[in-house]
Structures are given as structure tokens and as C-alpha cells.
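Report on the structure given below.
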Amino acid sequence: MQIGMMGLGRMGGNMARRLMRAGHECVAYDVNPAAVEALVGEGAIGISSIEQFLEKLTPPRAVWIMLPAAITPGIVDKLAAFMQPGDMIIDGGNSNYRDAVDQSAKLAEKGISYIDVGTSGGVWGLERGFCLMIGGPDEAVKHLDPIFATLAPGADLDPSLRPAERGYLHCGPSGAGHFVKMVHNGIEYGMMQAYAEGFNVLKQANVGHAHREADAETTPLPDKQYYQFDMDIEAISEVWRHGSVIGSWLLDLTADALKVDPSLSNFGGRVSDSGEGRWTMKAAIDMGVPVPVLSAAVFSRFDSQGNAEYANKMLSLMRKSFGGHVEKPHGK
Amino acid sequence: MQIGMMGLGRMGGNMARRLMRAGHECVAYDVNPAAVEALVGEGAIGISSIEQFLEKLTPPRAVWIMLPAAITPGIVDKLAAFMQPGDMIIDGGNSNYRDAVDQSAKLAEKGISYIDVGTSGGVWGLERGFCLMIGGPDEAVKHLDPIFATLAPGADLDPSLRPAERGYLHCGPSGAGHFVKMVHNGIEYGMMQAYAEGFNVLKQANVGHAHREADAETTPLPDKQYYQFDMDIEAISEVWRHGSVIGSWLLDLTADALKVDPSLSNFGGRVSDSGEGRWTMKAAIDMGVPVPVLSAAVFSRFDSQGNAEYANKMLSLMRKSFGGHVEKPHGK
Amino acid sequence: MQIGMMGLGRMGGNMARRLMRAGHECVAYDVNPAAVEALVGEGAIGISSIEQFLEKLTPPRAVWIMLPAAITPGIVDKLAAFMQPGDMIIDGGNSNYRDAVDQSAKLAEKGISYIDVGTSGGVWGLERGFCLMIGGPDEAVKHLDPIFATLAPGADLDPSLRPAERGYLHCGPSGAGHFVKMVHNGIEYGMMQAYAEGFNVLKQANVGHAHREADAETTPLPDKQYYQFDMDIEAISEVWRHGSVIGSWLLDLTADALKVDPSLSNFGGRVSDSGEGRWTMKAAIDMGVPVPVLSAAVFSRFDSQGNAEYANKMLSLMRKSFGGHVEKPHGK
Amino acid sequence: MQIGMMGLGRMGGNMARRLMRAGHECVAYDVNPAAVEALVGEGAIGISSIEQFLEKLTPPRAVWIMLPAAITPGIVDKLAAFMQPGDMIIDGGNSNYRDAVDQSAKLAEKGISYIDVGTSGGVWGLERGFCLMIGGPDEAVKHLDPIFATLAPGADLDPSLRPAERGYLHCGPSGAGHFVKMVHNGIEYGMMQAYAEGFNVLKQANVGHAHREADAETTPLPDKQYYQFDMDIEAISEVWRHGSVIGSWLLDLTADALKVDPSLSNFGGRVSDSGEGRWTMKAAIDMGVPVPVLSAAVFSRFDSQGNAEYANKMLSLMRKSFGGHVEKPHGK
């Protein structure tokens, strides 16, 4: 079937490609003309303004938006302005699910369906398929089923299998898709941090070799003899892939990346967070649900961004005030 | 080759089976004669006392112990008492790696090698193979290579692949194997908790339907319209298996278990912890390494065991003292 | 000077009393006529409808609202409907500071000033005074200075001292007062939890006396000899009040309450949370500021309310799936 | 009465002074002769070797040690070597309570009493008195009562008050004193972190003024209008001292220090930890008691020491692997 695709970056471009390879027709738009051209070379119908979606798509039109969360709402409004009853807007980006709840109510008044699709699979989706978590009205979601089935990883599986078993799921009304994706990313943050902490412990397993000074400000390392291991982090990440309880796709990727850069020389340790972890926490807080692990993962990233500095200075001020402790310089 | 196997429970029995199926000879012992008999029926040489390992095994003897951590050290001492220089004791249980550091030093004086093997794979290892994390002296580890290669998941893979790629790894001197397994389990705790918290958030996504009273003791739920989703947890666990970033073996098992018991009706919510999570935390503390996620996972289990009760009562006493707040009864 | 007081509960009643004792004139209203009558008996001018504030107060009128956060916005709207330019509404309750930002902008259009006053001191404020954190326009805050100075603890101190030294502070524009109070309560949660955890550790310091079974599901207690202390919690709470680094007003109250109920027999351990802790977390998340301690305190309360149950059941399901672990019944 | 004092640093020197001012006789020793001389100038009997305690003190001798935890056990052994049955060694430093359990058992064989005294009060103890948490055999603790009563803050109070009300407490057998002090410091860490996090939130309350870029790596700040406050941290720390629920001695000191250095210009944000927080966590882990707040406080310090760096690099590697995310440079 036919679909409009707007936002041809890392994710959107590959989704268009995967759809076209399966025979779907893509009308492609991006603010960057080169991105459009590249996709035209692979069979897409390119357009040079958002308004052209109106003429190039046959009603009921479906436009899939794949843009940063910050600019998506404005684009949706712009699109909706010239769309017609029966048309569909699909937001496949990392938007806040609350926007979908709000937008869908607003667009429903115009007869336009709003479908929110949480999309996981990263840069690997072109070959591997994208896991799709879908929210929206039944009819529109049903209409788009061929698109979802193609994008999902189980495109080649027996179509009698449940969609969930083929990698896509209609999770509920508008907002449900991005909600499930939000929680997915919250879990992702927790898992990543679990691995990262574990590898950090392994890395430091040789601290018993080092000299650690003993003064009133520094605890001596107890039992040095138990911290004498020089661990091969790359090899450990590899062995865990085979038959262990913590095997995962994330671990597969980590092990492969460590083969290329075993000393992590390409990284400085500033870890961005892109919204869903924060939103998961805020939803949990509203609900009264304890999420200590997801929160610790998010806070560790805030810390890596330098945002604990003021608190830490305050701690040093307190230590000096009650105990006369003099702060040690950074770098020990 | 030939190996003694002591402790024929969930793990030990299956390890013996996997070895025998590949043609290794097993001398099997357990305090429970029925467990020995069962294995004899599958080809093992059964013995009825620990001392018989001496005669039934050809030097250099290797006895693999698969017992609870609490009783392992005593058994090792007992075994070592009649073993001879060149013999090997392999501890495949969930022992503290510090025991291995201590034991190996002690046994080295007698010329006996102590090999600690962290073993992951759970009840699935018979078919799937066991992921092995090995610590111990080079020569002994090398001697046992055929055993490790058979137990590991990659038994049928090209033997020119690195052992890590076939699912076993010599991690370092005695203790290194259990250390890596300890950290493995710490990560496992973190991952499990990440999933569990995420599913809890999904489960509560319909709290906007419920009436929540507004009094000075209870925060009103803000924005009810955003918490109206009745999520199908089982279906979500399934869809995430296909192409998402959080796909893992743990998720595979969880999704399968939810198909059988989607309402978790078989569980009350008391979660045991069996040592490695605690040890990982203690090692991290000694090293000065922050492990907030691994710790939050362990503390959540402590909480589920009822161990926060006194602290919570103390909080209620404080709230009453400064604010006159009266505690609400459990069950709201 | 003259002030209207609406909401004569635990806090509002005592504030009116403290003002009247210092010679201020109070026009008092509550939905509960008995509360009004009681205050009339102590010198207040009682009214029986909110509209009567209009006639009983001399312009510029000032009405102080002391109500649950959930109903405050509606009451403010109702009051504002009949107030006149130059009048002032003071919200002294535990409202979300965002309401103050929004309300003040709305009321400014009508020429009405909105002043948000975070109020700490609990049921002790009548004698001890109330710590006041104030947000709002300069002129109105200045006008109300005699009220603030009387309510604050330093009413009898040298008036040449800075207001902060006498217990009240104009923190900034509308919203700033409730913002500072919100953070105050976030800190309060963290401090309370710190004490509660510490007392819990002390309470369990005798676990070495108890028998703890050793099976594959339970870690044996290492080093029993170090956990043989039967601590006198009440006496410890008392000694810490004298010269220790953790002395505080909260500790004073705790020690006094423990003298009355040393075994915490009046409490079941369900700990309410009343909003500010949650709001502090949400603000920190928006800002990207790590608040692991404040969050852990809030999550512990969620846990005490039973909201981790589903997550815990999920953990038990996972443990059974990969390891065949059978859940232990509650109560061990 | 007479007492030996060894270790005349920040704490030990002031303890000796406080004792002498009350008429007790101090025999003083330190490896630094200048420290001894200074105290001799204030009335102490100075000695130049540890062995001289034997002759200068009248049996039963009591020597109070005030040294870093790391070197204390060696010194105790040295002292004990020439002491006689009935003599007493008091360890007032921040030693691990386990050392006291072990040492007291060892010394009991020689008839020497070992008394562990947790001491809080920091550099302020000379004037304010020291809060003392005491472990050890009844008879020796009773014998030393005049010393304890003098050192404690309530030296001038009615002696019919319970010792706890005068600031010292016999908590139990050897080890109990340092155990209670250990937990005291754990609580202290939690309280400090609670304040520090709260102040950090206040400090960032103006982030709405700043421009925050919106790209796929950065969440836009939602609702800028709510983050426009320029808070006066010093003034807030002062106002909270007066009548608020979070008033404490720590807050008093913090407010005073902020008056001198309101911008924290003297601090870089590297926060040391000196052992007790770690030990509290390890004890809690052994007991199975959840201490999420105390742990978060300790981990924040580890983070400030740079020890999360490897974990953070690993997170960046993972993000690049699955999502093609490029790490942002530090400093944003």
C-alpha cells in the first residue's frame, strides 16, 4: 500500500527502505533535499514541501512522521491543517505519550486519526525489522496493518501467528503505543546501567594491586588479597552471550563493540538521556509505583552530565564545617 | 574423560547427564541414594560414600562439587583430606569467591588444585549448555578443557573458535571464576528488577479509572486522563521479544511463563535472594565503585521479605510526632 | 492588622490563634461551624459564608487560605470572583508551586495579588512559631510583613535582624514560596528515611542470635558473632540528641515519642506521602538534577503502601522460569 | 581521675583539654612531639614513648586511643603487650566495630578490658562536648564513668539524669559502641545528602532562563515558565533554621558556612568518605535490611570521586552500538 514518510534520518530513512523493499509505495519528504534524493534513488516518490503530501497520496492518506519529539507537535498541526476526514497521521518518534492523548482528541474532531507508534530497533531495524508498539483507533490501526506487518521483524513469519509474535502490537487507544515504548526505554536504561555497573566492578577487581593511602579521609581497602584480578572485559562480555541468564541483544552488541574498542578509548563518559526514562519516572511517581532501578539509571546519567556538582560542593562545605575535613583535589 | 560429580540436584544432575551424553565417564555421589540410582540408570558409576571417589577415579582425579554455598567449604575439606597431589576439586556452586581464594591457597600446599567454576544456565543447561566462568591454575584448567567444552553451550561449534565464543572462559587465578559469576548474578538482579518495575508501571497504567480520595494524607492523582490504559502485559512481553532493544533470554522465559499464568496467580511476591547480589555489593563497596542499580534491586528483595517494616513504623511515628498525621491502615 | 483566615484545621486554627494573641484581628471561616465557634470564643470574628469576607474585611483585604491542595484552586477562584483590585489571597497550604505560578498570573489581570506561603512547623507552630517561605509580588509581601513576623518563630527577636533570621523569607515571585517549601519537604523525607533506616539496622543488630536456615534459597548469615547486640533504640535516640552530628528537631521529637511507645506498638508501617516529595522529584527530573536520596525516600513509602507487589510477583515468576526457584511463603 | 591520651590530633587534643579543664589528669602522647608539648603547656603530663604510659599511670591504667582506624589495631597490640590485668584500653576512633569484637576477646584473655567509644561532635566538641556511644564490659565502663560524664555535653547537667540525657550511653558489650557510631555516621551521610540534593534543586530552579537545545540527544525542558527562580541559597538555609521540620545542627553549621562562602567557591566537589557509611551498608546487607537512602548517599560520594567513569563510558558504547548515538563532549 501507499504511505507518506516525513523525516528521513537514521530511523525514518530505513523504515521507508524496508517498506519499499516489500513493495509498498513511499512518498518521501525531509527538510534536507539530499535525504529525499537518496530515497528517490531507491524508488521513493520525492516531494519538496509538506503540502505536496495532499496531492501525491490517495485518500485515505497516511503520513508517518519520524522526527525529534521537540518539533513533532508543530509538524502534526501543520499536516493536519490540510488533511481531510479519514486521513491518518502516524507519529513514530520518541514523543511523550501525553501528546498523543491530547493530539488524538483534537484531530478526532476533524475526522483525522492519530496513531502513535513506539518504534524500537535502532539503526538495526532495516535488516532486523522494527518492534512496533501501537496506540490508536481500531479502524485506522487495522487499515495500516500491512505497513506494520512489513516493518516488524516477523515480516516473513506465518501470518497466522499473533501480531505480537511477529513484532507489532496494538496496545490500546491513542497514547498507549508511546506509553509502552516509554516504559520499554525505561527498562532499557535499567538494563544498560545494570551491565555498566557490573563491568565497572569487574574492571576494578584489581584495586588490591594499587597502593591506597591510609589517612583520616580515606578508608583503607580491606582484604587486598581478594582484589587482585585483571579481568578481560571483552572476553567476559563474549562468554556471557552463550548460555548465561543475562544473555541479551544489548549484550551481543556490547560484546561486538568491545572487540573493536576494548579500552573504550572513544568515549569520555558523558551519557545523554533522551526523555523516555524521565517520563517513565514521572508516570510512576503519579501512580505511586516504586521504580528505584529505573530512577537510579536515569540519575546516573544526570550525574555523568555534571549535574551533581553543586550538591557535592555543598557536601564538602558541610564536612569542613562539622569535622574540619579538607577536600581532596579531584584526581585524588 | 573421567570426572567425579558430587551433588546431583537440579544443576549437578543435569551436568552429569550432559557429560555422559557426550561420552564422558561420571562417578556420581549424593547424600540422597535415589539421586545416585537415577543417574546410574543413565550410565553413571554410582558410589555410596565420598571416600569411594578415591578408588573409583583414576589419578589425577577430578571431583566436581555442586552443592549449596553454606556446606561447600566443609565438603571440600573432607574431600581434600584423602585426595592426593595432582588431584583437582572443582566447585561449581554459588560459593563466595573469597572461599576459592582461601581454599586454593590452602590446598595448593597439598598439591591439590582448586578450580572455581561459576555456572549459569539454570534448569535449562542440560539442553542449552552451561555458561562457565572459570578460575584456577593454568595447568588444571587446561587438563579439564574437554569437560568444560562439553558442558558449555558451544559444544558443537567449531573448536577453533575461542572458548569464550563457545561459552566458557578461564577468567584468571582461583576465585576469578566465582567473582565473574557473582557479578553476573548482580547484573541479573538489576535486569530482573528493571523488567519488573517496567511491568509494574504498565500494570498501573489504568489508575485513572479508579477513584482516589483527596485528603491531607493523600495526593490526588494529577491528570487522570493520561492513566486510562488497560495493558495486556502478556502480549507486551511477547512483542518486545521481536526486534526491540530490550530483547533477552530472561524476557523470552518471562513471556512464556506469562502465557501460562498471565495474572501471576501462583505468586505472592516474596522474593528470595541467594547471596551473589549481596557479595557484588560488598565488593563494590570495598572498591568504592557506585552500584546504585544493583543495590536497588537487592534492597527491593529485602523489602519484599518484610525487612523494611521497622523502618516504616518509625516513619509513621515521626509523622505523627511533628505533624499529627494518623497512619492509614494497610490496604488503604 | 486585620486578616481573613479560611480553613481552621490543625494548621489554620493555630495560625489564627498565634496572630490574635499578638493583637491581630482575625475574620475566621470554615465549612465546619464548630471550628469557627471555637475561634470566636478566642476572639475571632466568625463568618458563616465565604462571601462575608467581602464586608467584614477592610480593603485592601487579605485572606489566608489553609486547605488541602486538592481543593485550594477551586476556593481561590471562588474568592477571587468577589474580591477587588488591591486585595490579596495567601495560600498557606501544601499546594503545588505551579498552581501559584498559574494563579498569580490569572489574578494579576484582576489586580488581585496572590501570595504563596510555604509553612513548616506542624502542630507545634502555635507555641514555636511557623517557618514561612514566601512567594509573591514585592508590594503585597511588604504589606503583609506584620503578619509574617508574628507567625514566624522569631516574633520576639530584635526586629533589626534579617527576616530569615527571624524565620520568614520572601523567596521570590509567586511560586517561589511553595517551591522552597516543596524542596523543604523533599529534604524532610530524605532525613526521616535516613533515621528510619539507621534505627532499622540497630534493631536488627541481634540477628546473629536467631537461627537462619541454609538452603539454596537463603544466604547464610556470615560472621554471626558480629550480630549479637540487643540495642536500646529509645536510649540511643536520646543520646544522639546531645552533641552528635545528627542532632535535629526531628530527632528530638522521635526520642520523645519513643519514650511513650518504645516498641512502636501503635504503628503498622504504612507510610503516606502527601505530594511535595513527588513534586520535588518531578522538578528535579525536569531539571536533570540527580536526587537519589530524596527518590529512595519516596519510593520506600510507595513500597510501604503495597505498590511493589506486582513487580515482586513478576520477579518470582522470573526466578521460577530460569532457575526453578520456588517462592517462599510470606513470613518466611 | 587519671587517663592516658594517645593521638593528639583534631579530636584527641580537644578531648584531653576538656578533661583537664574539669580537673582530670592527662598523660599525653603523640608521634608528633609538638602536639605533646602544646598539651603540656595546658597542664598535661607529656611522655615521649608509648611505653612510658606504664610508669606514668597508676593501676588500673586507662589509655584512650584517638587514631586513624587503619593504624589503631597495631597500636592496641603494642599497648597491650606491656599492660597488666585490670588495665583498660579505650578506642575512641572511627574503627570498625568488628575490630572491637575481635580485640576485646583477645585482650580479655590477658585480663585487659577493651572499651570502644564512638565519638561524635567533630571539631566542636571542646566547647560543646562529645556525644559518646560506649561498648565494653560493665565494670570497666562503670570505672570510667567520670571521664565519660566530663567529655559528654551534659557535664553540667543534673547528674541524676540518665547518662543518655547527658550525652553518653553504654550501648552493650564490646563493639556495641562503634556499631552505634557506625550507624550514626550512616545516618549522617543520608542527612547530608538529603540537604545537598535539596539545595541543588533550589540552585537549578532558574534553568528556565537558559537556552536548552532540542536535538535527538537532548530532551527539551518542559514548561520553562515554572523554572524561573533565582534562589538565595544562603538566606534559605538560614530561614529553615527557625521553626521548620528540617532544622538541625548540621543545618546550623551549613547556614553559617554559607554566610562566609555563599558561592561555594572553596570547593571542587570531590567528597571523601571515611568508612562508617561503607560499614553500615555491609552490616545492613548481611542482615538483609534495606538501606536505599544510606546507600545512595555513599554511592553519590563514590561518584564524586570519579569512580563511575568506566560504567559511563560503557553506557556510551552501548548507546552508540544500538542507536548510533554519538557521545556529547563534557561541558555539553
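In this document, chain identifiers A, B, C and D correspond to the written order of the chains, with residue numbering beginning at 1 in each.
As a convention for this text, a contact is a pair of C-beta atoms (placed from the backbone, for glycine too) under 8 Å apart; a residue touches a chain by one contact, two chains touch by 3 or more.
Quick caveat, the model's predicted, so the values are computed rather than measured.
In terms of the stated touch criterion, the partners common to subunit A and subunit B are C, D, listed by label. Counting hops only between chains that touch, subunit B reaches subunit D in a minimum of 1. One copy, subunit C, sits rotated relative to the other, subunit D; on C-alpha atoms the angle is 180 degrees to the nearest 5. Annotation: the subunit A:subunit D pair of sequence copies touches via predominantly the same residues, more than half of the used numbers being shared.
Here the spacing of subunit C and subunit D, counted between their Cα centres, is 29 Å.
Separation between the centroids of subunit B and subunit C, computed from CA atoms only, is 43 Å.
Centre-to-centre, using mean CA coordinates, subunit A is 37 Å away from subunit C.
In subunit B, the residues that reach two or more other chains under the touch definition are 122, 193, 195, 197, 200, 204, 245, 249-250, 273, 278, 286-292, 295-296, 299-300, 303, 305, 307-308, 311, 322-323. The touching residues of subunit C, when paired with subunit D in their complex, are 97-98, 101, 120-122, 125, 128-133, 152-154, 162-169, 171-173, 175-176, 179-180, 183-191, 193-195, 197-198, 200-202, 204-205, 207, 221-223, 225-232, 235-236, 238-240, 242-251, 280, 283-284, 286-297, 299-300.
For subunit B in complex with subunit D, the touching residues are 245, 273, 278, 281-282, 285-292, 295-296, 298-300, 302-303, 305, 307-308, 311, 322-323.
Those residues of subunit A that touch subunit D in the complex are listed here as 9-10, 68-71, 122-124, 192-193, 195-197, 199-200, 203-204, 214-220, 249-250, 253-254, 256-258, 261, 264, 266-275, 278, 292, 296, 300-301, 303-325, 327-332.
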